[in-house]
Amino acid sequence: MLTKKQEFDKPKSNCGVFGIFGTPHASALTYYGLFALQHRGQEACGITSCQNISGSKILFHSVKGSGLVSEIFHDDEIFKSKLIGDSAIGHNRYSTTGSDHFENIQPFNVRYRQGNLAVSHNGNLTNAKLLREELVNQGSIFRSSSDTEVILHLISRSKEKEPVHQIKDALDQIKGAFSLVILTDDKLIAARDGYGIRPLVLGELENSFVISSETCAFDLVGAKYVRDIKPGEILVIDDNAIGTRELQSLWLNNISDFPKKCIFEFIYFSRPDSIVFGENVDKVRRKLGKNLAIESPVTGDDNKVSVISVPDSSNTIAIGYQSQLRKQGIDSKLEIGLIRNHYVGRTFIQPGQDKRELSTRIKFNTVKGVLQNQEVVVVDDSIVRGTTSKMLVKLLREAAPEKIHLRISSPPILYPCHYGMDFPSREELIANEFSGNVESIKQEINVESLHYLSFEGMLNAVAEQSKDYYCTACFNGDYPIPIDENFKKNEHEV
Amino acid sequence: MLTKKQEFDKPKSNCGVFGIFGTPHASALTYYGLFALQHRGQEACGITSCQNISGSKILFHSVKGSGLVSEIFHDDEIFKSKLIGDSAIGHNRYSTTGSDHFENIQPFNVRYRQGNLAVSHNGNLTNAKLLREELVNQGSIFRSSSDTEVILHLISRSKEKEPVHQIKDALDQIKGAFSLVILTDDKLIAARDGYGIRPLVLGELENSFVISSETCAFDLVGAKYVRDIKPGEILVIDDNAIGTRELQSLWLNNISDFPKKCIFEFIYFSRPDSIVFGENVDKVRRKLGKNLAIESPVTGDDNKVSVISVPDSSNTIAIGYQSQLRKQGIDSKLEIGLIRNHYVGRTFIQPGQDKRELSTRIKFNTVKGVLQNQEVVVVDDSIVRGTTSKMLVKLLREAAPEKIHLRISSPPILYPCHYGMDFPSREELIANEFSGNVESIKQEINVESLHYLSFEGMLNAVAEQSKDYYCTACFNGDYPIPIDENFKKNEHEV
Amino acid sequence: MLTKKQEFDKPKSNCGVFGIFGTPHASALTYYGLFALQHRGQEACGITSCQNISGSKILFHSVKGSGLVSEIFHDDEIFKSKLIGDSAIGHNRYSTTGSDHFENIQPFNVRYRQGNLAVSHNGNLTNAKLLREELVNQGSIFRSSSDTEVILHLISRSKEKEPVHQIKDALDQIKGAFSLVILTDDKLIAARDGYGIRPLVLGELENSFVISSETCAFDLVGAKYVRDIKPGEILVIDDNAIGTRELQSLWLNNISDFPKKCIFEFIYFSRPDSIVFGENVDKVRRKLGKNLAIESPVTGDDNKVSVISVPDSSNTIAIGYQSQLRKQGIDSKLEIGLIRNHYVGRTFIQPGQDKRELSTRIKFNTVKGVLQNQEVVVVDDSIVRGTTSKMLVKLLREAAPEKIHLRISSPPILYPCHYGMDFPSREELIANEFSGNVESIKQEINVESLHYLSFEGMLNAVAEQSKDYYCTACFNGDYPIPIDENFKKNEHEV
Amino acid sequence: MLTKKQEFDKPKSNCGVFGIFGTPHASALTYYGLFALQHRGQEACGITSCQNISGSKILFHSVKGSGLVSEIFHDDEIFKSKLIGDSAIGHNRYSTTGSDHFENIQPFNVRYRQGNLAVSHNGNLTNAKLLREELVNQGSIFRSSSDTEVILHLISRSKEKEPVHQIKDALDQIKGAFSLVILTDDKLIAARDGYGIRPLVLGELENSFVISSETCAFDLVGAKYVRDIKPGEILVIDDNAIGTRELQSLWLNNISDFPKKCIFEFIYFSRPDSIVFGENVDKVRRKLGKNLAIESPVTGDDNKVSVISVPDSSNTIAIGYQSQLRKQGIDSKLEIGLIRNHYVGRTFIQPGQDKRELSTRIKFNTVKGVLQNQEVVVVDDSIVRGTTSKMLVKLLREAAPEKIHLRISSPPILYPCHYGMDFPSREELIANEFSGNVESIKQEINVESLHYLSFEGMLNAVAEQSKDYYCTACFNGDYPIPIDENFKKNEHEV
């Protein structure tokens, strides 16, 4: 069984969250929001709504399951008779092992002394194991293997009186990356870790407020982007906020002087039509492509250089690359050299074939006329294991190009991510395998030339243009948040 | 949507539990066990197995879902590749509101400081609300609305060191009816409340030990009935027990001088081929029928008295009734006057018809030749709401009997059960509605005569023949365990 | 995978047909009709309705599938928005090999020169291969492997002008057993072969007319039984008939002087609450039981003879047997010694066990107290392969009866049926294997005594009491309709 | 419910066919072939394989259903134990009304006097009604409403002796567009109508021969493109052909002097990576874009012209358009201004929203930074109803472009297609509604400028560059094959 991302040898996406407060169609809008964020997690999804029947009678409703948003929410009735209420949160999950792991599908919903609580989480906690151990020793019981359950226990065990302060108390204890939407009996709360590693944005839709991982969800539901949730901010949305249009925020105790925004969101994760960390993703990608061309242009014979992207994530990068070539007066064509088949579903089977090679062919086919006898520049965003790159090159060779030049719009990935991206283990990273030796990787992948964008070239493409503002640990091992020893050892355990 | 029992206007069954320790086919045998106990709960089911990979690495596997055992476990692969392990427990649940209430399906599986814990519960706790409130105030969070989750929290929060003592500590705090199977990393534990309200039996199958709600599950898996778990007993099954064949028991602090076994298990719940509370159910039923005939024989004209049962639960009772008539020299025939259609599935629809009347017709048809011009004695086990009885009588009238005599093998049900049977509210009980006035009920149901077995007649049919040994609260309101005020008020909340 | 009948080693049932004309709820009523006839075929079912939009615009709608009636028709919408129309026919099929054999599920719907045509068929044609060959040689194409498609081709190729005469023309050419309901653009037609082998009954429901295999379907929909369709009759129901209440009939060319009604319908197939061939099935069964007791009473010690049935098909027979014993002054008890588990669905799996033995245990459990130290008389309707009987005896032995006496309410089955019953091949029939030697069969099945009802005893139980009126070929090889050589050779090909 | 194409207001695709002969993995390869041809039909699909058990025993196996290839063929077992055999054909269908119209899903499989026959058809017959009427009058019966069934009847009724000649005989009688793959007991036959309207290609894969609608299927299975099936050719592939590598062909009686290849295959239908009618589709598309730029360049201010495509079908056209602008010295950027969401499944629901507008938003989002203050040139392949264009323009306006220029790479669509494309009725075609008045259409769609590629511009992009070689009826009403009056009247009946 292939999943939309796995076969690409990309980091699997890192979950999407959505929340809305103050509208009768809360769950339906959450459904559209999750649909727009589907690229952040295709394995499971869920929606929890809050129905206020009377001041003292509040019901939380929940529908969750393994599958795409369009598969789990396939019936209008779900929204009319089940997911009732004026507020709701949702979650797209990138991975869940089997339908029996239902317990790991978010939002997590519990009852505690203050009423109901539902949580959707994007990120990864680095001290989850330690906290879990402490909680367990104090008598807490865990039904899931997820970090997120730790947060719920901490909220519930807080000595604070008010849900909002309990939440603050809990979040002050956790370390790592977290962008959260939390639903209580009368509030929607959005929170982001003190480094602001994962994105989280605030929007307005008529009278209601909306929270999302990316702004592309706002576009679909018709909401207006207001601003990012700030690193360390705990934003509280309640009836009062709806009435006054003034939002209250609490702040975490430890907020980093510099944020550490995940630079990989720009390179691969986020949708190009989203605003992430205040920047248009597609603009950054075009700039990554331009910097790549400045660093490593391909100057072939007249009319022989064809720039192609690995669709769809590298399309904008390839445009940037080729437009820069032109600006530098280098003759070249932008071409569509690979066609991607979008009909591969979550459960695509591969009867009777060499699965490995086929999984690339199933997704891509070459446009032969475009490639034949050309110096083909293949622009891709990143290389993880290298397996897909090798297979793609093999596929492209069949179309008889003169040469294949591979241009990667990020530096070599040498370190795993501990903040929410599900990279393979360090051993499996091709750049690590060849100790970052680009020449060796070039030979392994079998291309005439290979260039990774330099670290500086990458930073130059983003707004702050300084590594102080971004987490770049996967490239340079510079982890802003210390990792539990315990965590490292077990990093690949689900 | 009809469910197997609802449409019958019987108390819905009260869950079935099963557990096995010490055999490589633990989960498959649990599957057969649950299948044999299907009558105790048709709405949802689940199995949890324990796989001991190495001393320190133990995995719990779980498959659960809404539906019959044959629907949830429809694939051999489940047993080969998922529910691996040498011990397992299972649960049949009588009711779960919608598939989104997955959280309420048992066994409940959690991790706590001592490792894994899985619990299957038959019964109802009377101080669950109070305990839940206390736990919640101490910071516990609840994912389900089930009593059973309370037990898990109590175990986890116990100050005791050993799982077995933690379990004892927890069970000493709960009140009400409980027959439990609990799986830990290295033990299977069976426990029964101090009154022994719900049944629980111990069996042996080759080297392994087996626990079940009823012995009919032993028959299917080929196990031998050893004895009942005793009221207040906490029976511990582990590798040592398998080796030595000696079982260790702990005992609850408060064990009643007299047990209070649910007498309704004999009247309706249990399968006639089971041994329950040490007695053959079918024998008790035959005796109930005999006593009913002694109290209220129907002496019609020659060859005109036909005794029929409402299949299948009253079949044995009818045999007892008619054999007693014969013994008394009263001429009568035993006939099959109602045919039951067993093809009604869980989701049977009723397009375009008067649903109420149809739901009886769908299940039963009359054998006309047998009823015409007869004095028909209809033997049934109990009357709850009375709606089904009314519809059945209407149906029978169409077959033109001369008279219809209704004989009920239990006294009028006047009080709700707080120990695990899901009766409707007091107001809906027909006997309560007519203040126990049998003449009025007779007129409402529209029969020529009606007799409920007397309280004494009922007690006379069971082994101990004294109300000291049985819970008969639904008949006389004599509740052995006090009920929280809080509990009573909310008794119909799910 | 077990199917409801297979595991019992009974002849698989032989399809059920239903039709209704002249009511707005035609398809919903057909659904109930098929539900009542479910015992005649559990593998697949379908309904076709006829919607008369205007005089010239007539639409046939159809829903079919593999599964029980309650599984295929699981949604009210099917009746509201799909199966529209004032007339409908339906079909229950006993066997279809795999879901890809959709083409074999009835009703068959086609368009031909006179408009639409839908057919449901119970029976088996003995000259189907020959006719099929001829039709194919004339250029007909076949989409299914079913006999029934032959009938459609013959109708379509008839030289007659009117659909009704085309149908008569077609039916005059086919040989074998057929009870048919046929829907045309403006008529419902019921037809029965000249021997009247399979049953077919006419009923009235308010203004509409109803056709069914058995009257139990009339009881559920509230229709009144009018009469049987006669052997060789082609009954035409149309708007005129609805208005005048006068039904027109055509007659087949060859009608047998004596009907040859399938006597096995009484013994096993039909529901006991049905009227079949003008007789109450349950009455015949009681008489079969009585005759069996007259021929072979069991006279054990006082209070030691327990008569039990193999539920549910033999329940009435056992009652007849035991009441006759009593009449003869032989002391005995009627007991329920076997409990049948009705939760076995169509797709029940049997993980990790000896499948053969288990398939009996899954369906039946013994009531031990009733059997221990008893002389148990097991009353069953028939023995086909003998495998189930052997397993049942083995199961019963575990309950420690003193002796087991097997009483069968039909003679030994020695020959296959070519008229619609799906017996196994001759070689697999246990009576044939032992050349009808009852002593050998007794030893094989391992019972203390075995008696098959005599041929005369069987005939004595039915109305006409002469073999001239019944097909008894499976017992004596006396086939009323000659079988194609070709057919015999291929008799086990699906 | 949206379907992949409907919501786009494009002609629905016109089916895909695939066949293979002479390899043990025939059905698995057909599965991959259909997957590559999925864009030609997403509503239903099927595969039939031919298993030669012995010379005289040949079995056809078939699996079909409503849904995508990945949905219907979701289990390896299908290929291992069901679709066995060394030859197979498959079909992707663009539309089938409801799952109960199973009868219309291809391949069609029948038995006739020569054995088995399976057919997959791309195209539309113009004399089907007439032929159907004749066949019906001769006694043929029809189970589907599809044209294709007519072909089967004609083959079966042919006076010829050999299947191949029977097929020729049948095909000589039908008129219209047809590209067929036919499987007999020992042959795979590919045939194309005398005008060659729909594409059909021949390939080789090791020892086997392969037939497909487009070459993209060859790329996935690893086959080599050999040549097109010629207009009027009936190509016969059998064991002899496999051995000798020589293929025999028969020829239809009426072959047009000039082929009439569907020019719309280049404009929209076929995949850009396919070779269709001997030409690379992507090359034609780039040329269409170039000609469009020559005819109607957009010359805005410096750096203000942004060329975007409506993804994915117009991507190559947009590249052609922009590269021509540059060649003409017109400053412009190629941008990705619309992001398409590929997660819309077949059953995507739209709770609680204005469905019409939403169906565009669900599929597309704008990349705001790229469009703001720009003169945006939107390149699209065609306009059918105009509804999607209007919605897209509305969506684009929200991104605040200065102007929107719409460029269409085909002439106005004024006439319906009778040869296999499922256009809406003439009345619904926007170009027809405004009598081809481009200015009025421009206003309706609300763009600053609108240009349709001229008829000459279109022809200039394809190889033959003459309208003699192409069917262009949808643009100029010049139908090469006369249409039955009857057919026209009922053109919108399914």
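The letters A, B, C and D name the chains in turn, as written, and every chain counts its residues from 1.
By our rule, contacts are C-beta pairs under 8 Å (C-beta built on N, C-alpha and C of every residue); 3 or more make two chains touch, one makes a residue touch a chain.
Note that the structure is predicted; figures quoted are calculated from it, not measured.
Inter-chain spacing, taken between the CA centroids of chain A and chain B, is 49 Å. With each centre defined as the average position of its C-alpha atoms, the distance from chain A to chain C rounds to 61 Å.
The distance from the centre of chain B to the centre of chain C, each centre being the mean of the chain's C-alpha atoms, comes to 36 Å. Counting only residues that touch two or more partner chains, chain C has none. Taken as a graph of touching chains, this assembly forms a single closed ring in which every chain touches exactly two others.
Chain pairs that touch one another, listed by label: A-B, A-D, B-C, C-D. The part of chain C that touches chain D in the complex is made up of residues 61-64, 82, 98, 100, 102-103, 108-113, 117, 136-137, 139-143, 152-153, 156-158.
Those residues of chain C that touch chain B in the shared complex are 25, 28, 31-32, 35-36, 38-39, 42, 68-71, 73-76, 78-80, 216, 219-220, 271-273, 280, 282-283, 315-316, 319, 323, 333-336, 339, 341-345, 347-349, 351-353, 361-362, 365-370.
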